[in-house]
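Please go over the structures that come below.
Shared between the two complexes below is chain A, which has chain B as its partner in the first and chain C in the second.
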Partner chain A sequence: MDLTIAGVLTLDGLTNGAIYALLGIATVLIFTVTRILFIPQGEFVAFGALTLALFQTGQVPGTVWLLLVASAAAFLLDLRILLRTPAAPGRSRTVLRLALGQLALPAVIAAVSVWAAPRDLPILLQGLLTLLIVTPLGPLTYRLAYQSIAEASVLVLLIVSVGVHFVLLGLALFFFGAEGFRNPPFVDARYALGPLSLSGQVVAIFIAFVLLMVLLKLFFGRTLYGKALRATAVNRLGARLLAISADAAGKLAFAMAAFIGALSGLLIGSTTTVFYDSGFLIGLKGFIAAVGGGLASYPATAVGALLLGVAESFGSFWASSLKEAIVFTLILPVLLWRSLYTPHHEEH
Partner chain B sequence: MTLRKLIVPTLVALLFQSAAQAEITIGVSLPLTGPASGLGIPCNNGLALWPKSIGGETLRVIVLDDASDPTVGVKNARRFVSEDKVDLIVGSAATPVALAMSDVAAQAKTVQLAASPIVTAPGKDEWSFRLAQSNAVMAIPVVAHMKKHGVKTVGFLGYSDTYGESWLNDFTKETKAAGITVIGAERFARTDTSVTAQALKLTAANPDAILIAASGSGAAMPHKAVVDRGYRGKIYQTHSAASRDLMRVGGKDVEGAFVVSGPATVADQLPDSNPSKKFGVDYIARYEKIYGAGSRNQFAAHMYDAAILLEKAVPVALKKARPGTPEFRAALKEALESGGVTPVSQGIIDYTAQDHWGFTKETGLIMKVVNGDWKVEQ
Partner chain C sequence: MKHHSDTLRAAAPDMARRPGGYPVRAAVFALFVAALLALPLLPVPEFWITQLNYIGLYAIVVVGVVLLTGMAGLTSFGQAAFVGLGAYATGVLSVTYGVSPWLGLLAGLAVTACAALLIGPLTLRMSGHYLPVATIAWGLAVFYLLSSIDWLGKYDGLMGIAPVSIGSLVFDTGRSQFYLIWAFALAAMLVAGWLLDSRSGRAIRALRDGTVLAEAMGVNTLRYKIGVFVLAALFASVSGWLFAHFQRSVNPSPFGLHMGIQYLFMAVLGGLGSVWGALTGAAAVKLIEDQLQVLIPALLGRTGSFEVIAFGIILVLVLKYARQGIWSFLDGLAPRARRRRDWAEAAALPVRPKPERGAVVLEGKGLRRQFGGLVAVNDVDLAVRAGDIVGLIGPNGAGKSTTFHLLSGVLALSAGEILLHGRRVDGLPSRVIASRGLARTFQHVKMIPDMSVLENVALGAHLRGGTGPLRSMLRLDRPQERSLLREAEAQLARVGLGEHLHEPAGNLAMGLQRLMEIARALCSDPAVLLLDEPAAGLRHFEKQALAKVLRQLREEGMGILLVEHDMDLMMNVADRIVVMEFGTRLMEGTPAEVRASPAVRAAYLGTEH
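Now for the complex of A and B:
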């Protein structure tokens, strides 16, 4: 091994690590706000990459119809709850607002998608449309699968997550088929960095990673919504007493997670072949990083994910048949260290 | 109730009973959904090429979906033998499913034509025949082509599953005889985000050729990774990669790749001396007439080949017993085993009582990717 090889491996590892970091952060975000271990996080990656891939082939992706059906189901659920409560002044206005948000908006997105699909728009516009389609699937997942059992134990929520994972995986196979896709890069450029060669897409991954970290920092530190999420994460009951809706916080967290997932999908869609089931393993590695960060710390998750990516890259080089074993065994010393050196809390 | 009222329906029922016994019942189990649906759906399409009757007996074909799931496949096979009393089981196209079904076929003493290269425990395939080529048979033309083009060292990059492992074993065995050395073997998974590290290690050793053992669109990523590292040697792909998905995903990076394949999908390019040409051309013409130009694929060809084998074996078996009886099923097995050399669209099959793999050494051929299309290497 010389320095060039080590450089290439490190760069490759950091690139994958940045994606794991994004997904790990989404996992931590959802867990702290809702106590849900969101296993299907990776599915949004596949949805993002493959929705764009179908736009590239001029077809209307199945995720558009999923968005419509899920929105309609969520609308009916909300409507039923609303109609059951005694009539209050301004109820019709609430119904109208619901209809606008949960029926009209997805319908507009779907209409634009159907219009745009055969038109071969620039890939950036198609990417934007993909984000518009996949991001609402996050809060819809929360509404349909979790909202009514939000107070259940972590274990129950975890089991529901496993179920949601299989549902989304089956839908992905139905929408996109068993074969993989590779998207053209957003930026078709190559940069030389000493002996290393960076593709434009790799640079885009790093820029997105740094940008998202900064934005999250600002969001949680400076905005009211960010503070509301943090408050819910610290104490759900206390937050509710201060008029922060736990459901709204959950939906916001899921929207951000779906956005991060879809964005990751767009970013890796051109550096690798993405299959309908590719997301799971990527999400799982993000999850490992999140566990390394104690499911609480964003910086620790990010650093853990980058290290994981590098370890994976070097592991592939030295013993490719044992690669996954190496990656997933890494969590053992981390867990040991954490259980020895972090004070143990009773579960609230 | 008068006697006549009882007799007439009974007679009618008996009549239908005997009519039902006179037809040949075939149970087909295919992965129409699930991860292997990419194999099962074309197979199901290929059933349209089957004749309505063989040897004067009508074919009754029952198709069930096994959802790429061995448990469902076994359930289907049990239903075939106990309820439908089939004379023959066809399927599955997914290897794990077909393997699980072979046990039921053996218990019920019913012939199974598996559309995948199942590797059973020794002696467990007494009633199972394969319609797909084994990796060992396909490794022969790959090594022959390498030898002819002066390849001395070769690197291996394959799936970390049974497909990759089995190719590495069969391929390594074959190279030893040809004086070619395998100087490195790296693994990856279909859903990996990167194979840069493996490609880096292989290309650093600079072998004369690299063999990639992966399937369909999954074979493109390692190919691109190796090319990205500036590798200039020959790159070979296995028969699971011999589909249009390789070019669709791989684009210009897979230009010049050598892919081993059965003859069916490139039959129109074969010399007239190739015994498979006649069948392959017929398969392509009939299949594309139904499903459109360019729809040809290796999986539907397996179903086409099943019909050829049956048209040869069923008349022989019919001389010994009537369909629907255990004697007919035994006679069918015997007829398949003693059928001798049978050219089909995917090669030349020669089943014997000891060998239920069938395909002869001449089966595989090497195609080159030229301008995004296949070109047969002579």
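Now for the complex of A and C:
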């Protein structure tokens, strides 16, 4: 191996690592706010990449219908709860607000999608539309699968996550079929960096990574919503006493996670062929990075993810058939390190 | 906190059903076994024999999941990988080296045990969710490893594995393998059931809601967690061995992560509260899968493995609305079997030598505990003598319960010394302190709600028995088990719960649960007893009975430290009272002195201005 190959491998690893980092950060975000270990994070990646891919072929992606059905179901559930509680002043306003948010808005997104699909719009607009479709699936997942048992143990929530993973995976197969897609890049450019050559998409990935880290930092540090999420993460009951709704916080966290997932899907869509089940492995690598960060620290997760990406890249160079085995075995030393440095304590 | 009491198994429903369920249950079981024996002899289509073989293979793995997840509250998604280790170990030995399948079984168990012993200790020291996460990664790693190693045949796997044989008896047809598989499946369930109904089983079940209770009962929780994880892996390995010799070939696909998840799904659907839930779940999932594989593609007009969508939805719905699973529903149809009282003649347990009356048994010197900047307990001294009841009172937040946690080793001291029988015990884990003769109850009752009152109390005698899990699984623990249950019954009778032995502990009224905790503490034959608000929730006559028990214990030379808000009771039974306020010791004296103290009055009622 010479320096150029090492450079290529490192760059490649860092690129993948940046994606793992984004997903790992979403995992940490959801876990700290809701105590849910969200296994299906990667499914949003596949949804993002493949929704765009179907737009590229001029079809209406199935995720649009999923959005409609899921929001209608959420609307009915919310309506039922609302009608069961004694009438309070302003109830009709609440119903109207629900209908606007959970029926009208998805309907508009769906209508735009159906209109836009055959029109071969610029890929950036299609990407934007993809984000609009996939992002609401996050809070809808929380609403339909988790909200009514949000107080259950971490273990119960984890098993629910596995169920959600099954559902989303099966739906992805149904919507997109077993064939893989490779999207054209958003930015069709190449830059030279010494002996290395950078594609525009890779640059976009790094920009997205840095931008998201900065935005998250600002969001949590400067905005009221961000502080509400942090408060919920520290103490759910306490946050509730301060009129922060744990469910609203959960939905917000899921929306951010779905957005991050879909965005990652858009970014990798042109660097690799994405299949309906590709998201799972990518998401799990983010998950491992999140575990390395103790499921608590964003910077540690990001660093862990970058290292994981590089290790994977070099692993595939030396022993390509063992690449995945190497990556997933890496969790053992990570856990060893964590178990030595984390004081073990009661979960009470 | 609320959500932590919410576990995968909700407390069993009413147990006050008709007694005398044994004959019915025994008859049903006998019928089931007879049906299994007869089935291959009847003209049942080969298809159903194959399906039943799969159900048996799955059930063996799921028994392990029930032990791990349902009983110990731990979860693994990597059981399929352990199945794979068992299958490939015997596969390689059989195909490449022509070794006997029975040696292959041993090899598979050895490999699996090593793997489980590698992963378990790494993750089980940390909080509960690291294990499932680690096993996901582990499951994937093993799958990719099996798929990429040359001498394991990569994706094609190994073919031409010899059938299992005993002497001239060769299990090479579906019908003969049926007997082999179901013999192992029934044995797995029987052995697991026996384990749960034992000293080790109670310790395993105590792990589910955290480690504080189990440690206070003297259970080495890390060892038990690793043990149950390894055991579940071994069950999976046996299933893999059977699978390899049933299929006569192995390839990586049945050992992937999705199968690992399905094993957990089977356990949840069948019911995590009983080993029979394993069988129910395995059967239900296999049958549902067959139906869905026909139904869904017809419905969607496309072929593909869409049944995962239905599986996922069922899994979420089961967890939301029927967390007890199918088995608990079936179980409710038959009258409940009441445990036979076979321990009346059992040998009494050995009793530890007690300190002389009046000797200091427990002494705290300068006890101090800080949480960040807050000093919860501030240089408190106290001493408990044998045959003495010391009361600990103070307004809410005075640091009484924290003091209890410090003395019993649940919390570590920030500074100070604790002496039990004159020996330093501070810094020791609570199970070691328990083994030296200190027993306690909890302010918020800690118990295993779906286990009977009798068994809950027998958990208290954990350290007075030494029979390990292996003997329990072979049912060789009965003499000692009877002694433990006899002791539990005696202590329950003592606190006035003799009528409630067979009820699930979770069904008791709050006050009675506190009495049960006292009986459990007494079961450990302690020299000093720490009672945290034992009278809360008791009715008047129950309090009087409690006072009588406390006095009787004092007569026997027990040292008692009592936190209680019922001042009548306190003034009645305490010999001396320590008053705490804001973490510091305000005064110590006889009940009369405390009652007369203006400082105490001010602490409780405020001062006049």
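Basically, the second predicted complex is superposed on the first by the 348 of 348 C-alpha atoms of A that agree within 3 Å, B and C clash if a C-alpha of one lies under 4 Å from a C-alpha of the other, contacts with A are read in each partner's own complex, and residues count from 1 in each chain.
One rule holds in what follows: a contact is a pair of C-beta atoms (placed from the backbone, for glycine too) under 8 Å apart; a residue touches a chain by one contact, two chains touch by 3 or more.
What you see is a predicted model; the values in this text were computed from it and never measured.
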Give one of first, second, both or neither to describe whether A:Phe275 is in contact with chain B, with chain C, with both, or with none. first
Please work out whether A:Arg338 is in contact with chain B alone, chain C alone, both, or neither, and reply first, second, both or neither. second
Comparing chain C with chain B, which touches more residues belonging to chain A? C
Have a look at where A:Ala178 lands relative to chain B and chain C in the superposition and call it first, second, both or neither. both
Can A:Ile5 be said to touch chain B (first), chain C (second), both, or neither? first
Is A:Thr15 in contact with chain B, with chain C, with both, or with neither (first, second, both, neither)? first
Which superposed partner A:Ser321 touches (first chain B, second chain C, both, neither): both
Taking the two structures together, which residues of chain A meet both chain B and chain C? 173, 178, 281, 321, 323-324
Complex interface listing, chain B residues touching chain A: 33-38, 160, 186-198, 200-201, 204, 216-218, 220-221, 245, 249
Looking at the complex, which residues from chain A come into contact with chain B? 5, 8-9, 12, 15-16, 19, 173, 177-182, 268, 271-273, 275, 277-278, 280-282, 313-317, 320-321, 323-324
Hey, which residues of chain C end up touching chain A in the complex? 1-4, 6-8, 69, 73, 75, 77, 118-119, 122-123, 125-130, 132-134, 136-138, 140-142, 144-145, 148, 210-212, 261, 264-265, 268, 300, 302, 304-316, 319-320, 323
In the complex, the residues of chain A that touch chain C are 37, 39, 145, 148-149, 151-156, 158-160, 162-171, 173-174, 178, 237, 281, 284, 287-288, 291, 295, 321-325, 328-329, 331-332, 335-336, 338-339, 342, 344-348
